[in-house]
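Common to both upcoming complexes is chain A, partnered first by chain B, then by chain C.
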Partner chain A sequence: MRPVMTFALMTLRSLLRRRTIWGISIVILIALVGIGQVPGYGVSNQGRFMLDFGLFGLEIGTLLLAIGLASNIYPRDRERKTVMPIIAVPLSRGQYLMGRFVGAALVQAAAMLAGCLGLMVILMLNEHAIPPDLFPATGLLIVEGWFLLAVVFFFSFWTSPPLNAPLTILLFIVSQMSVSGFVGLLPTAPGIMRTLRLLLPHMDVFHIKDPIAHGMDVPGLYFLLAMVYGLSYMVFMLAVALAVFRKRDLK
Partner chain B sequence: MRNVLTFAAILLISACRTDYDIEEVATAEFLGQDHVHADSCETCGEETTEVEHDHPEGEHVHDPAGSDRHIHEAGVRNHGTEWFFNQPWAADFIWGKMVRDSVILVLLATGLIILSGYRRKNR
Partner chain C sequence: MEDCPLQVTHLGKVFRRRLGLSSFKAVDSVDFRMSGGEIMGFLGPNGAGKTTTIKCILGLLKPFSGSITLWGEHPGSAKVRRRIGYVPENPDYEDLFTPLELLTMFASMRRLDTGRDRMMAILSRVGLSSWETVRLKNFSKGMRQRVSLALALQSEPDLLIMDEPTGGLDPTARKEFRDIILEENERGASVFLSSHLLSEVETVCRRAVILARGKKVVEGDMEELLRTEDRYSIRYRLAHGGIEEEKEVEVGEESLQSSIDDLRSRGVFIIRIAPVYRSLEDVFLSATGGGGE
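Right, the complex of A and B next:
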C-alpha cells in the first residue's frame, strides 16, 4: 500500500504542475461566476436556476477534468519510456495503475470541492439559501468523476489520446439514456441495442440536481447506494483496465 | 484476454437485466401517481379563487389570478412531470437492484483481477 501512496503523491505533484488542470478549473469557476451574473428580472426562485446550472456545470466539469487529467498519463509515460523502469522493479502493473489513479482522483476530488464551495459562495452573494443536500450531491459528483477517470484510464491503455476523449464523451452521453431511449437510436435492431445498453453503466443514478434545485428532500440512503454503485463500477472499470494493461507488451 | 472479456460480458449480460429501466419496470401505481385532471371541475365557479377540492388523484388550488390553471402543493406530482419522477432518486423500487448490480460488479472485478494475474504469471 505504501508504494502505491508514494507513487500517487508523485502523480499528484506532476499533475499539479500541468496547465491542463488549472485551465479546466478556471473555466469551471468562470462558468459559475457567469451563472451568478445572470439577472433575475424579479423572478422569485432565481436560486433554483443557479443551482440547476451550477450542478450541471460541475458535472460537465468532472467529465472534462477526467479526460484532461488521465488521458495523457499512460501514453506520456510510454512515450518517454518512464513506464518500463517503474514497473520493472519498484512497482507491479497493478500498483502503477492504482498509484496513477489515486493521484488523479485526489486532484479531481479537490477540484470538485472547490467548485462546490464556489457555487455556495455565489448562492450566498446572491442571497439565496444553500440546500443541505449540496454537499452529498458534490460527493456523488466526485464518485462520478472517479468512475469517468477509470473509464479514461481503460481507454488510454488501448487507444490514442485524441480517440480517448470522444470515446469517453460518447460513453458519458449514452450511459445517461434509458433502455427505451437507447433502443430508439437504432429501432431496426432492438435486440443488439438492448444487449449493448446492458453493458453500459446507468449514470442516471448520479442525476441529483433536479430534486435539489426544486427543494425536494433526497433520502440519505439513496446517496449512499448511488455512491456504492458508482464505486463498484469504478472498481470494475479499473479491473478491466488492469486486465488490458497486464496483456500489453511494453517493449 | 479475449476469453476474460467474453466471460465478463456474459456474466454482466446475464446478471444485470433490463429491469433497471424505470419506465419499463415501474408499477402502474407508481406511474399512475402523475396527476390527471378530471373533466368535472365545474364546481370551481369563476368567483371562487382559492378553493380546494376533493380530487380523485390529488389536491390542487386554483390560480388566485382567476385563470383556468391550478397550482399543486410543492412535491405533489403535476402534469407532464413523468421525466422528473422517473429518475432513480424517486423510484425506491430500483434501489435494491443498484445494490445487486454493485455486488455483481465487485465480484466481476475480483474475478477479472485474479484471472488476468493468473494468465500473466503463466505467460
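Right, the complex of A and C next:
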C-alpha cells in the first residue's frame, strides 16, 4: 500500500504544480461568480435556479475535471519516458495505475468539494436555504468523476489524448440516455442496442439536481446504492484499464 | 541461481506496424549469460537492438520468443525489481520536483529509509548535494543523468542496468560515473552497461556482448576479444657501435620461435614478448561491419 500511496501523493503534487488544475479552478470560480449574478436579473425562484445551475455546473465540471486531469497523464509519462524507470523498478503496472488514479481522484474530489462549498457560500450570501442533500449529491458527482477518471485512464492506454476526450464525452452522453433513446440511435438492431445499453453505465443515477432544486427528499438508501453502483463500475473500469495496460509494450 | 543475475536465452522481439500488416525484427535469437559480480559491456551500433533487449530484461517489453531470467525469476516480478537499479537512456523525470523530493519519493515507493541524511549522502555521491532544492526543469542533461544514477543507487542494487549512462556528460562527469560503477562492483553489484563509448567499456568491463542488426555477433572476455589470435610483439635492445637502440617487431605465431632465434643469433637482448592487443573499436568495427541500422 505504501508504494501506491507515495505514488498517489507524487501524482497529487505533480497535478497541483501543473497549470491544468489552476485553469480548471478559474473556470469553476467564473461559473460560481456567474451563479452569484443571478439575483441581478430578477429571476423568480432564484434559490432553485441557482441550485439547478450550480449542480449542473458541477455535473459538467466532473466530466471536464476527469478529462483535464487524467487524459494526459499516461501519454505524457510515455512520451517523456518517465514511466520506464518507475515501472522498471519501484512499481508494478497495477501500482502505477492505482497511484496515478488515486492521486487524480483526490484532486478531483477536492475540486468538487471546493465547487460545492462555493455554491453553498453563494446561496448563503443570497439568503437562500442550503438543502441538506447538497453534500450527498456532490458525493455522487465525485463518484461519477472517479468512474470517468477510470474511463479516461482506460482510453489513454490505447488512444491519443485528442481522441480520449471525445470518446469520454460520448460515453458521458450515451450513458445518460434512456434505453428507448439509445435503441433509437440504431433502430435496425434493437436487440444489440438494448444489450449494449445494459452494459453501459447509467450515469443519470448520479444526477439528482432536479429533486434537490425542487426541494424533494432523496432517500439515504438511494445515495448508498448509487455510490455502490458507481464504485463497482469504477473498479470494473480500472480492471479493464489494467488488463489493457499490462498488454502494452513500453517502447 | 545467485551466481547468475541475468540469463538471456534465444531472445527475439518483433514489433508489429501498420495494424500488424508489417513487422520489424528488433532482436533475433540473442543469448548471453552474466555471472555474479561481473561488469558486462553491451555494445552495438544504433538500431542494433540494445535498448530493446534492456527493456525486455526490465519487463517493459514482452519478448516475442525466448526467455529472460534474473536470479532464476521472471523479469518484472516484485522480487527482481527490488534487486535492480536502472539508469535509462535520456532520463526525463517529473521536472516539477527537486532531486531531494524525487529521491525521497522513490525511496518510499521502494520501502527504503527516507531519512534526509541518507538522501543527501546519495546526492552528494553523484555530485548534486548543492542542488537538492532546485527543480529538475532547471537541470542540464548531464545533471538529470546524475539524478537518474542517484535513483538507481539508492537501493544498493545487486544488478545495475545502465543504458547509455554517460551520453551527454562531460569528461570529468564521465570519469566520476566510471568510478561509481567500479565502486558499486567492488561492493558486490553486477553491472550491465550499454554504451556507445567504447573506451569506457574497454576500461571498466570484463566481458562484452556486441549486437548488430538485432543479432549477437560477438561475446567474450575483454582480454580474449582484444587479443589478436596469432600476433606477438617482440621488444628488443640492439647495440650499434656503442649506441644502444630499442626496437619492436610484430610477428605471427607461426614465426615467433624462428624470429626469437634469429634475434638471439644476432646478439640482441630481448626485453619483452607479448601478445598484440587490438582496440575495442577495431573489434567493434570488424564485428558490426562498421555500420549502423
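One rule holds for everything that comes next: the second predicted complex is superposed on the first by the 245 of 251 C-alpha atoms of A that agree within 3 Å, B and C clash if a C-alpha of one lies under 4 Å from a C-alpha of the other, contacts with A are read in each partner's own complex, and residues count from 1 in each chain.
Here is the rule we go by: a residue touches a chain if its C-beta (ideal position, glycine included) is under 8 Å from a C-beta of that chain, and two chains touch if they have at least 3 such contacts.
This one's a predicted model, so the numbers in the text were calculated from it and none came from an experiment.
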First (chain B), second (chain C), both or neither touched by A:L242: first
Which of chain B and chain C A:A88 touches, first, second, both or neither: second
Which superposed partner A:D204 touches (first chain B, second chain C, both, neither): first
First (chain B), second (chain C), both or neither touched by A:V218: first
Touching partner for A:S160 - first (chain B), second (chain C), both, neither: neither
Chain B versus chain C as contact partner of A:L9, first or second or both or neither: second
Partner chain(s) touched by A:R17 [first = chain B, second = chain C, both, neither]: second
Touched partner set for A:N45, first chain B, second chain C, both or neither: neither
Comparison of chain B and chain C by chain A residues contacted: B
Chain B versus chain C as contact partner of A:R80, first or second or both or neither: second
Touch list for chain B against partner chain A, complex: 1, 4-5, 8-9, 12-13, 16-18, 20-24, 74-75, 84, 87-90, 92, 95, 98-99, 101-103, 105-106, 108-110, 112-113, 115-117, 119-120
Chain B contact footprint on chain A (complex, rising order): 93-94, 178-180, 194-195, 197-199, 202, 204-205, 207-208, 210-211, 214-216, 218-219, 221-222, 225-226, 228-229, 231-233, 235-236, 238-240, 242-244, 246-247
Complex contact set, residues of chain C against chain A: 15, 55, 58-62, 76, 78, 81, 84-86, 88, 90-94, 96-97, 101, 105-106, 108-111, 148, 151-152, 155
Residues of chain A defined as touching chain C within the complex: 2-3, 6-7, 9-10, 13-14, 17-18, 80-82, 84-85, 87-92, 249-251
